[in-house]
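Going by the order they are written in, the chains are A, B, C, D, E, F, G and H; count residues from 1 in each one.
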Amino acid sequence: MTRERVRSLLTRVADGTISPDLALDDLAKEPFESLEFATIDHHRALRQGFPEVIYGEGKTTEQIVAIAERIAERHGGFLATRLREDAAAALAGRFHDIEINALGRTAHLPGATPAPVGRGTVMIVTAGTSDLPVAEEACVTAIALGNPIARLNDVGVAGIHRLLARRDQLFSASIVIAIAGMDGALASVIGGLVRVPVIAVPTSVGYGAAFEGLAPLLAMLNSCAAGITVVNIDNGFGAAVAASRINHN
Amino acid sequence: MTRERVRSLLTRVADGTISPDLALDDLAKEPFESLEFATIDHHRALRQGFPEVIYGEGKTTEQIVAIAERIAERHGGFLATRLREDAAAALAGRFHDIEINALGRTAHLPGATPAPVGRGTVMIVTAGTSDLPVAEEACVTAIALGNPIARLNDVGVAGIHRLLARRDQLFSASIVIAIAGMDGALASVIGGLVRVPVIAVPTSVGYGAAFEGLAPLLAMLNSCAAGITVVNIDNGFGAAVAASRINHN
Amino acid sequence: MTRERVRSLLTRVADGTISPDLALDDLAKEPFESLEFATIDHHRALRQGFPEVIYGEGKTTEQIVAIAERIAERHGGFLATRLREDAAAALAGRFHDIEINALGRTAHLPGATPAPVGRGTVMIVTAGTSDLPVAEEACVTAIALGNPIARLNDVGVAGIHRLLARRDQLFSASIVIAIAGMDGALASVIGGLVRVPVIAVPTSVGYGAAFEGLAPLLAMLNSCAAGITVVNIDNGFGAAVAASRINHN
Amino acid sequence: MTRERVRSLLTRVADGTISPDLALDDLAKEPFESLEFATIDHHRALRQGFPEVIYGEGKTTEQIVAIAERIAERHGGFLATRLREDAAAALAGRFHDIEINALGRTAHLPGATPAPVGRGTVMIVTAGTSDLPVAEEACVTAIALGNPIARLNDVGVAGIHRLLARRDQLFSASIVIAIAGMDGALASVIGGLVRVPVIAVPTSVGYGAAFEGLAPLLAMLNSCAAGITVVNIDNGFGAAVAASRINHN
Amino acid sequence: MTRERVRSLLTRVADGTISPDLALDDLAKEPFESLEFATIDHHRALRQGFPEVIYGEGKTTEQIVAIAERIAERHGGFLATRLREDAAAALAGRFHDIEINALGRTAHLPGATPAPVGRGTVMIVTAGTSDLPVAEEACVTAIALGNPIARLNDVGVAGIHRLLARRDQLFSASIVIAIAGMDGALASVIGGLVRVPVIAVPTSVGYGAAFEGLAPLLAMLNSCAAGITVVNIDNGFGAAVAASRINHN
Amino acid sequence: MTRERVRSLLTRVADGTISPDLALDDLAKEPFESLEFATIDHHRALRQGFPEVIYGEGKTTEQIVAIAERIAERHGGFLATRLREDAAAALAGRFHDIEINALGRTAHLPGATPAPVGRGTVMIVTAGTSDLPVAEEACVTAIALGNPIARLNDVGVAGIHRLLARRDQLFSASIVIAIAGMDGALASVIGGLVRVPVIAVPTSVGYGAAFEGLAPLLAMLNSCAAGITVVNIDNGFGAAVAASRINHN
Amino acid sequence: MTRERVRSLLTRVADGTISPDLALDDLAKEPFESLEFATIDHHRALRQGFPEVIYGEGKTTEQIVAIAERIAERHGGFLATRLREDAAAALAGRFHDIEINALGRTAHLPGATPAPVGRGTVMIVTAGTSDLPVAEEACVTAIALGNPIARLNDVGVAGIHRLLARRDQLFSASIVIAIAGMDGALASVIGGLVRVPVIAVPTSVGYGAAFEGLAPLLAMLNSCAAGITVVNIDNGFGAAVAASRINHN
Amino acid sequence: MTRERVRSLLTRVADGTISPDLALDDLAKEPFESLEFATIDHHRALRQGFPEVIYGEGKTTEQIVAIAERIAERHGGFLATRLREDAAAALAGRFHDIEINALGRTAHLPGATPAPVGRGTVMIVTAGTSDLPVAEEACVTAIALGNPIARLNDVGVAGIHRLLARRDQLFSASIVIAIAGMDGALASVIGGLVRVPVIAVPTSVGYGAAFEGLAPLLAMLNSCAAGITVVNIDNGFGAAVAASRINHN
């Protein structure tokens, strides 16, 4: 509510056009009524080329398909994550050019106009083969949001030479997504080697005291390499969106 | 030894100003220096663009001063964090142009050649006044690493109009550091508003069930706004380094 | 035990009608024997129109049907929650006018005399589509207990304009039940907007570090908006009963 | 600025006592005021019926006094909680009619126009003497927000007759705040006895496995008495605000 | 090793019968070699009438049957707990007079000579119907070990009159086993009423924040009624053995 | 007022020594007495054979002395636990024959009529010297409640011969209280050796991952020796009351 | 990078053979380029006779078989752990002389040249029959790595004579692996008896508050017997590798 | 009494230097000695090669000195850990040749006959300067138990070249003790480099979400390098004893 609108309101109170009580009601709501930015926010989605992403967990197949249809209609395409097999199959049956990634549990229907390409390459690195489903989710998301990607798989620190031998590839990245379960140490070692942003993704891979990803989560939050940031356990999607925010900055 | 100083050294070798042997002596001290109790990583400045930062927690005042002297000698300046009052006083007595930040518990001795300036502004936002010490640590670190900063204080979501009224300032930032204790909800709301990278810092502010920052930490890791990344509890330093990695990308 | 009853007891000891030992036994039990309020409590259930609600978890289908029959006989109807599919089917087969809610996992047999209607409207708000089962449980319970309800779905803070655009609806409520998983931030934002009671329900929706609802539970307990209260994870039933206590106050 | 003061301002505009421009100047300071370290939410009084309360934890004495002065200037009075002794002393020295509660760690400066009185009595009940500081905080807050209160102290379930003997008092309440550490069982027993809203406050009282209030917190969240709601550990303030929301509904 | 045996050993060293090294070996092992109590311990099992109880979890059906056969051969009967359905069926097929309790997941083959009867009655009390499986395990075990039992079911504190109305039964018990999930408050209330030993059993019954029994476990450990002891979550077996130790004391 | 004193009062009514009215006055003060800050449960002595014990934690010295005076007046003596040094000193100054135990942090004023003696000896065993404060609290409490005690100190399983060598002493006990920090293994070994009731007390003794007693608490709850029961961390008082309930059964 | 290589690099800069910028790039990478030890590490695997072990969890059957083929080709044999039934079957179908251990969920294809035999015997001890799967994994691994093994099963401390009676066997071991769930006390007792290395393995065996192995894990980390080390929950594989490191030291 | 002293005693009996009765008197004091508050395990030296070590935490200075005197008398020397400053001062005043380590909080009085020397060198490695107190405790203990040691300080993986540059030193060790807080990643990297036993010690160093050492503890338990074992948080003593068990194997 601008200064002018408040002055106008008060003038109407002064000349009796509206009662003090009505003006009170109006003022009490005010800080929110002035917020037309919500529409702007909607435009931002249009500009960036990615509308709301469908999170499949806890939704029925019918709900997922219905939401997908609405988004596809408005934006030409969509991305869905954490899909059960039946939901993925239903989407595959409904949309022609859809790309299903079974390991990553995603479905991507590219829109007519692809997302603008970001400034550099997002390098997606895994500590072990068991981290692959999370890496797949990150890859599909990064690509959907317009980011060139590269991959390094199974280079955990138990055999650190595997990582060091590929440091040229690592140094060529603009952003690194480091995916690891167990001790999560891969993120710290990478964070100490490169100067670009490192986004760490703990995975729920490991024996009992990994506690479904708690161990690498805490390790990554406590990385001795400064300036590493962390996303939720198994959240390849979130890491890719964070990378894309950086890459389109 | 900063990247700039090595480049200058090599240039002087190339143009004959100094001999290879003299340059060798200088480089040979790299990449690390062993005190009895510490192995200073002088090479870090080369790899990551800034020398090793002194983490004051768990070190004696004597150790802190000794390490600071070695780094200042090699790099012209240094940054120290988490300083007890006596350690800060000892550094202030030892180094002339040092800048002490009591609230943030930091000491910064700027080097002769300032760090190169990053691409945009780092906006540091707090939910409440009690989060200020963490914000101070982040500000001092961001500045030391060559990042223009801006600030928004005490704009937590309990009165969301305080934040929304300043959304123009928020939209002007290249990177946002969102600092909050209690429910950590500030990070989610900001993450939903802006398109730039958002780094969330949970703080140990709050009643009992905040469990020393666990509540906002978990909330931020689970932010419903996609692409937010998180650092350790009260880790303003780490957030600023992460922001600087992005800003100098 | 009133003063008179104690005097009478002592008099009977004095005249030898009863022995000291018998009187001792009687006195030792006393504080409970005076409690005829238990019957009153039973009357309260009658007056409020809702007898004991059947919690289906951990009960066999036979036990559930048998309890339902006894309550229906005494009160004309009943409410059952957390029903497995087979238990819901058994109840549906046994009671004619029963209303089964598959998503909310409830069964409601309305009594002959409906519950008295509360003073205002209970607004049930969800952050996302995945929170719907909990919202359904809350709705069915609120209606069964005689509360007019309204609903706002999928208005989480990741797109805060969705909530703000509907603030007139929000302001029309007497009580708000805010249901959210992940960061639980919806409850804090609503708590800062409205002046009426807000009951927060954390849900078990979210990636790994949501820890089955722990993250939103802690966030809601630590809400920076003062005066929010919280119920158990996924406990839509409890939230609705709490709302009904307020609404019939 | 309280809702009452805005209404009065508007009435004076309506009857010509002050000009719209003067009123505008006054309102323009709303809805918040920026100190360097705090953004005071003056609008809160309008939205929620009472001005922002000062949370003393983590703030310097100077910050607390400065914020208190701003709020007192605009609203005539203020409430501050979680005060260290020196902060309480500084406020006592600065404000004449202030009421300091040492046990509850609060300071209250009543405004010129007292808050409107709620519909019923808030009964504040403790399980043991060690819970008193939390109860004091709740009492001071409830009174400041315009709620008649009553008290029952040290009536934990280890001697349940202490509670049952006073059930008439308990039944006379409009809202019950049940404060208990250890097993938190008091809340469940009260919740089973009364039909009015019950707000449970876990306290950090108890031997080791109470884990600073975790035990009663979990117990209260799992109360077998339906419709109890819970606030944060030791959060007497939050419980009283919640009660006041209900009482002024 | 008695003083006499050591003297004899030393004498044999002195007269050269054995070498110092052999004596050294003997002395080094000594504290364990003197422990013939292991046999005595075996006698204890015989005297008490209950040999090792078979814990079915994590054992194959073949292992369970084989162990049962060996124990039955030596002692005439056995008790097995935590049996999967197939293991129970296999035991039922193998042993004629075996008693299977499906709800409690136990199998009991009474021996020829029943266990000696304890001094009093063990009262097994549950808060709700969902706690019955644990109560069944406790009952079968208590009976197998020679303890008269009595039962009170579904007397949780949400309707405390249910418990108080039966206090005569409660007072007649020698030992009370209080079984409850959720808030575990039943144990505290009983502990405050009776003077006999109370053994509390938390169960894994309850909504999310019960965390599989953690909530009642902590509540019971923190009971405000002094002198309550606690066993593991859902451990009806352990509670009954503890009661039997008391009852045969 | 102890059970003995009530019996004596009633006997004097029966034989005409005092009138019913005088007895009534005396009993009427029962069952509890309200101080402003405490509701003393005088009836507890009747119900459970000993008056309410004063728990010093979280109470001011003035409150402790005031409560002690009331209980001493009615019952002739009292027991107080968890006393700060100043509170112990104040009690020592106020009551002549009081016994202060500095290590156990208790104060005991024996009443005129000692508690009736239980059936057997309570053996209090510690794993290490660091567990002594908890053992002292248990000893003082057990004695105050009328239980003969015996002690075994520093016999943890790291040197299991220390325990085994004294198994005769161990076998002579009626009840064993096993006190241990760290791994809590002492309780399991004792539980496997003796047939009498074993009450395990975890202590907060140990390195980091003992987590203030969580490690031995969980270990004891999971004891492989069947029929061990557990009390709260460091709760020597609770263990002794539990033992006394058994010993006076 | 040796001193000589740096001198040569600098000389080439001095004589213009390479530019300062190229030298800078080289120096910046340097600490890693000097690491040809990665190849050496590969040789170590060859020398020790055990290449990378295949961890079956989270890998598809196809991935497992493919990795196994590659390792078998290079090293003549392989070891795989944590195999689902279908993966074990696929390996059994593919490799002729493979040894499948269903209980331990392992597959072992011995290489042509067996691993060199370690210095002593690894004794693998379990507390109960339910710990056998973990013991099997340890046995298979220890044998595959060239370690003679011995076994003691079901000697938990609930009947400590079972362990003590076999102390000669225990004393004959070079290294002990102590496997236990529940209270994990077996490790402490063994650690107090023997002087050789003891590796403790907590298992996920036990009632509720074992929390999937957390209880024995914490107990073992807090063992009162000094010098016990611990591996992850259920990690028989890791314990055997640790033992083999010791045994081949 | 060390193993050597017993052998010498027996030899003197064999050659008639002392009579069996005198030897008996000496041995009879074994295997333990009862102070009022402690049962010193003198036999431990026989069983495990070194006498009982005094753990200072939770013991009074008087108790510590008294125990030290008894052990010194019997064994010629002693080791004490976790000493408060006053306890260390008291020991220094009482014993002449004692060695106090203030940083490590230890006191060591070497015995007349030094412990036999182990087979190889124990390399003690720290990630950072803040880990030094734990390393000191480990060093003092290792030396006291007869182990040659070497040290590498401040070589955490944030600058991995610091570690790699010293790999020759690392490869020369027989056993490695890896000490790290924060992410604990040092242990994994070392475990992947060396083939000898690695004992990991998590420290309580780090920001909030290190949770007093929980983060590195979990990371180390989940190390991706196979065969690493772990001791308790900050337990340098335990790690050294474990290393000594291996080194004297």
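We adopt the following convention: a contact is a pair of C-beta atoms (placed from the backbone, for glycine too) under 8 Å apart; a residue touches a chain by one contact, two chains touch by 3 or more.
Here the structure is a predicted model, which is why all the values come from computation and not from measurement.
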Recurring contact interface, reference A-G, options A-C, C-F or B-G [over half identical by residue number]: A-C
Chain of greatest Cα-centre distance to chain D: G
Chain A and chain D, separation of their C-alpha mean positions in angstrom: 39
Approximate Å spacing (C-alpha centroids) for the pair chain C, chain G: 52
Centre-of-Cα separation between chain H and chain G, whole angstrom: 25
In chain A, residues with contacts to at least two other chains: 31-32, 35, 37, 41, 128, 159-160, 192-193, 206-207, 209-210, 214, 217, 221-222, 226, 232-233, 238
Touching pairs among all chains present in the structure: A-B, A-C, A-D, A-G, A-H, B-C, B-D, B-G, B-H, C-D, C-E, C-F, D-E, D-F, E-F, E-G, E-H, F-G, F-H, G-H
Chain D - residues contacting chain E, complex: 127-128, 156-160, 180-185, 188-189, 191-193, 206-207, 209-211, 214-216, 218-226
Sites on chain F touched by chain C in the complex: 3, 6-7, 10-11, 13-14, 16, 19-21, 23-24, 27-28, 31, 43, 46-47
Of chain D, residues touching chain C in the complex: 47-49, 53, 119-120, 160-161, 164-165, 167, 174-175, 192-193, 195-199, 217, 221-222, 226-233, 237-239, 241-242, 244-246, 248-249
List of chain C residues in touch with chain E within their complex: 29, 32, 35, 37-39, 41-42, 52, 55, 57-59, 63, 67, 202, 204, 212-214, 217, 232-235, 238
Residues of chain F defined as touching chain H within the complex: 128-133, 153-155, 158-159, 161-162, 165, 205-210
